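One chain, subunit A, links the two complexes that follow: it is found with subunit B in the first and with subunit C in the second.
Up next, the complex of A and B:
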């Protein structure tokens, strides 16, 4: 590695861990933790609120506190996802798929422990990859266009096959329904309103957060009332809870290769601008399920279903900084606000940022690193009191869950209609659960649909105009091979297992 | 007479099939460009749902023939005889969730949440009045502190207060 990079890394480290600058990442992390633990509020709202306060500041404290805002927000939302089936923000929504069933089995501590370890280590991998990729950032970011985005969406959709559970027809139909629900709203190319049935609210399309809150949190509330379950975990006292934090942390190391792959997926997807924060987690989850030898337990409390999305979610933060710093293209809403703040303080992204201000870039990375670890460590200290919540009588905790879901649904876009939307999806989610329809393919398809549709249109247009040659692009070919592998691997492995069991 | 589980399961699939069919019909009113991808996806979904509907129908008929009833033999409620109770509980659960949406829409996040928790704890969980009031006040106070003091973000105020 270039000695200039190493020097800048050291300088950045010295900047962060010196007095009084260390206060900024610490304060930023605490604020981000509070914001991200409140459903519907996220680091983007915090960053937007903090902008006016930082006007008179020097660039270094600004970079440090915003780095902490970016890093500190990811993990805390997973705790509410695991305990109550309510994601703190959209990117935490994948964690609840297996995190909440683990809580129902009395293993909330294990799930939170695994999430914390995967989160902290995943962010570290993301930052390491970012440091390694700094010299190649510009070329790499420019190499991606609509065909690559389209292939990425198709690759993500092919992971659905493994998540269909017992009924492939129901799984695929649920995925189709997810795509259809995402079509509601304006057409991305012609701006025609589609499937809105004359309802103004549907004109802008359905938002992911109320859909998720309905399908999972409210559906679970309905199920808890119907089944008359005594407590969330089925246990009456904390001493009856199984699992421990250390068991969760150990599980990350026992699935270390999966963790590494998920972190890599998170970094790569984070580096692609405009994809959306939840896509990384869903693709990592799909990949984990696709490549697992025994994936029957996914969606029913498999610890790998917590590790993969958590690692990807936190690794994504490092990846999202690649296009932001190299090209001035934000990877998501958080980095978009961060970009604006940098420019307000005279820091222009691009070559100058990666040469003249490299030590400041590293100060940002160290701040991100520190906040990710701090969030996980503080989160772990809260595990025991929070896990006790799963032993409180459901009748007493349900109003709190319902209110948290209402806050999450309304505050996300400031629209009360989102709460009504969540209620409709709550009933749908309950009926789907009751009659054996898998909800995960619906959610993954819904998340990937805009990426798929928009880039399919663009790719077709570019191909018609002769501006691109779809099959001559190396990234497209790599993703095509991965897609083929996704489709071919499960039947191949199934056949192999059948042959092995026969030979035994 | 209450509908049996097999019938409800089939009806649920049918309702999804009808939703899909409506989307298919609606997509014909779109321009060729806007309808291209939805048409392809909806056609596929419609086929799959039709197939699932047929499978559900056959399963219901088989179950009815075997048991002399339309009930699903795999239904966990059958073993406990809890099925009618479950249906009542389902409508009760939907009522509570809808009530939350209605109260929050009318009175806003803070007042609506407090009033809802009071009603839920008293009406559903049958807690004592003292417990319900303390819980509701605590919730209102926590939400007020969170939004007004800590975050300085005004929460949704409610249609009633907006009109004034």
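Up next, the complex of A and C:
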């Protein structure tokens, strides 16, 4: 690595860990944790509120505190996802797929431990990849285009086959429904309304958070009422709970290669602007289930279903900074506000920032690193009291879950109609669960459909105009090969196992 | 003398009661939560303006302003959300007036009318449309681009049918004899900019302030000033309009009526520069509307706000509601004459 980069890394480290500057990332992390755990608030609202306060500040404290805001809010939403099936943010939504079933088995501590470790380590991998890419960050930011995005979506969609459970037909039908639901709203090319039935709310398209809250949290509430289960975990006292934080942390190391692959997926997807924070987690989850030898437990409490999305979700923050720092193109709402603040303080992203202000870039990265680790460590200290919530009688905990779900649905966009949407999907989710229709293929297809549709249109047009050559792009070819493997490997392995069992 | 004194006293009382009434109505909003709808993604041009305005307006109104990004359908959904909210000023927002005019001219669905469906409170800035190319495109000026298009049509990236860029593109191209094809579906400024940097497309037609950071960092090169002011562009940029603009020169070269070209370029400029307006839902009670208009204009022209805008690299070109409305009406009249050209372009995209 370039000696200038190493020098800047050291200078950035010295800036962050010196008095009084260390106060900024610490305060920023605590504020981000409080905001992300409070109903109706999130890290974006915290950043927006903080902007006017920072007007008289020097650039360094601004970069440090906003770096902490970016990193400190990610993990907390996973705790409610694991405990109550309610994601704190859209990006935490994948964690509930296996996190909540683990809570139901009395293993909330293990799930939260794994999520915390995967989250902190995943963010570190994302930051390391970002640092490695600094010398050619601009090239990295523009390396992928519509054909690669399209193939990423197709690759993600082919992992659905592994998540169909006992019935491939039901799984594919659920995925088809997910795709269909995602196509509600205006056509991205011609701007003509589709499947909206003249309802203004649907003109906007369905939003992921109310759909997820309905399909999982509200469906679970209905199921808890119908099934008359005594507590979320089925246990009455904390001593009956299984698992531990250390078991969760160890599980990350025992699935370390999966963790690394998921972190890489998160970093790459994070670098794609504007595709939604949950896509990285869903693709990593699909990949984890697709590559697992025994994937029958996915969706029913498989720890790998917690590790993969958590690692991808936090590694994504490092990836999102690639286009932000190299070109000034934000990856999401958090980096968009951060970008605005940087410009307000005279810091223009791009080549100048990556050469003239490299130590400041490293100060940002160290602050992000520190806040991610702090959040996970502080989150772990809350595990025991939080896990006890899963032993409270259902009659007492249900109102809390209902309130959290309702607030989550409404605060997301400030629309009461989103609550109604969540209720509709709650009923649908309950019926799907009751009659053995898998919900995960529906959600993954729903999440990946926009990425697929937008980039299919663009790729076809660019190919027709001769501006790209689809099959001459290396990343496309790699993703095509991975897609082929996704489709061919499961039947091949199935046949191999059948032959082996016959020969035995 | 007595009646003059009486008149002055009454007038003074009337004025002071008017001011008090206006202030007291604005106090209705104190401590209230105001939803501020932004018709773009976080980080987009409208979002940056809104986040700049938010703390200043919060301070003046002593209200809590919550920003709600509604970028769907090119901001039409956001505009609809403002239009359909109650006329109590608890929902405000920014609209892209020229975008809405364009959408009305190009979409089959009903879109909100910028002057009739809202209470216009102020104009923040006029749109300044430019044609941009990427720094590695090989085109150094607009003449290179036009010359290249005589051999191969150049490729323009746009969002969708119904955007202001979609409207401006065929009209501009017709005035400078630029042969082009479009790639539609680049949602969001950032995706169009990235496409240009990657070299997938040759040009975008875009509001200058929305992409200013990329111009400042040298990634984008402005080639043609469609709205004709030229202010704020990096380096000398060819103008479309005016007697010495490219539209007039192209007409002269091809022996077409020069005056007509100049008039059409001015009409296009009026449409696409209609601006970013701060609006409330229609039928807002007049005292409340008056108070908000006064507070906004006072804020938009204050030194403190202008300094912050300048630091953030955002241009402010504030105008009061009356002037913004009269511009809108002029734009609407101009739009009719380009209808045939725009419809032809829509048919091509929808084929």
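Rule of thumb we're sticking to: the second predicted complex is superposed on the first by the 497 of 504 C-alpha atoms of A that agree within 3 Å, B and C clash if a C-alpha of one lies under 4 Å from a C-alpha of the other, contacts with A are read in each partner's own complex, and residues count from 1 in each chain.
Assume contacts are C-beta pairs under 8 Å (C-beta built on N, C-alpha and C of every residue); 3 or more make two chains touch, one makes a residue touch a chain.
Quick caveat, the model's predicted, so the values are computed rather than measured.
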Following the superposition defined at the top, how do subunit B and subunit C come out on subunit A, clash or fit? fit
Angle at the Cα centre of subunit A spanned by the Cα centres of subunit C and subunit B: state it in steps of 10 degrees. 90
If you stack the two complexes on chain A, which partner ends up touching A:420: first (subunit B), second (subunit C), both, or neither? first
Kindly classify A:388 by the partners it touches after superposition: subunit B alone (first), subunit C alone (second), both, or neither? neither
Quick one: is A:343 in contact with subunit B, with subunit C, with both, or with neither? Answer first, second, both or neither. second
Looking at A:250, would you say it contacts subunit B, subunit C, both, or neither? Reply first, second, both or neither. neither
Applying the document's definition of touch, where does A:229 land relative to subunit B and subunit C: first, second, both, or neither? neither
Thinking of the overlay built on chain A, is A:300 touched by subunit B (first), by subunit C (second), by both, or by neither? neither
In the overlaid three-chain picture, which partner chain does A:190 touch, first (subunit B) or second (subunit C), both, or neither? both
Does the superposition put A:431 against subunit B (first), subunit C (second), both, or neither? first
Check whether A:465 is in contact with subunit B, with subunit C, with both or with neither, and answer first, second, both or neither. second
Lowest C-alpha to C-alpha distance for subunit C against subunit B (Å): 5
Based on the A-chain superposition described above, do subunit B and subunit C contact any of the same residues on subunit A, and if so which? 45, 187, 189-190, 192, 414, 457
Quick check: in the complex, which residue numbers of subunit C touch subunit A? 35, 41-44, 47-48, 51, 54-55, 66-70, 72-74, 76-77, 80, 84, 103, 106-109, 155, 160-162, 181, 183-188, 190-191, 193-195, 197-198, 200-201, 213-214, 216-219, 308, 311-313, 349-350
Give every residue of subunit A touching subunit B within the complex, in rising order. 34-35, 38, 41, 45, 49, 167, 169-170, 172-173, 176-177, 179-180, 183, 187, 189-190, 192, 194-195, 197, 218, 221-222, 225-226, 228, 393, 395-396, 398-400, 402-403, 406-407, 410-411, 414, 416, 419-420, 422-423, 426-427, 430-431, 435, 453, 456-457
Complex interface listing, subunit A residues touching subunit C: 44-45, 48, 51-52, 55, 141-142, 145-146, 185-193, 200, 203-205, 273-274, 323, 327-330, 332-333, 335-337, 339-340, 343-346, 348-352, 413-414, 454, 457-458, 461-462, 465, 467-468
Which residues, counting only subunit B, touch subunit A once they are in their complex? 8-9, 12-13, 16, 20, 23, 26-27, 30-31, 33-34, 37-38, 41-42, 44-45, 48-49, 51-52, 55, 86, 89-90, 92-94, 96-98, 100-101, 104-105, 109, 112-113, 116-117, 120-121, 124-125, 127, 135, 139, 143, 146, 150-153, 155-156, 159
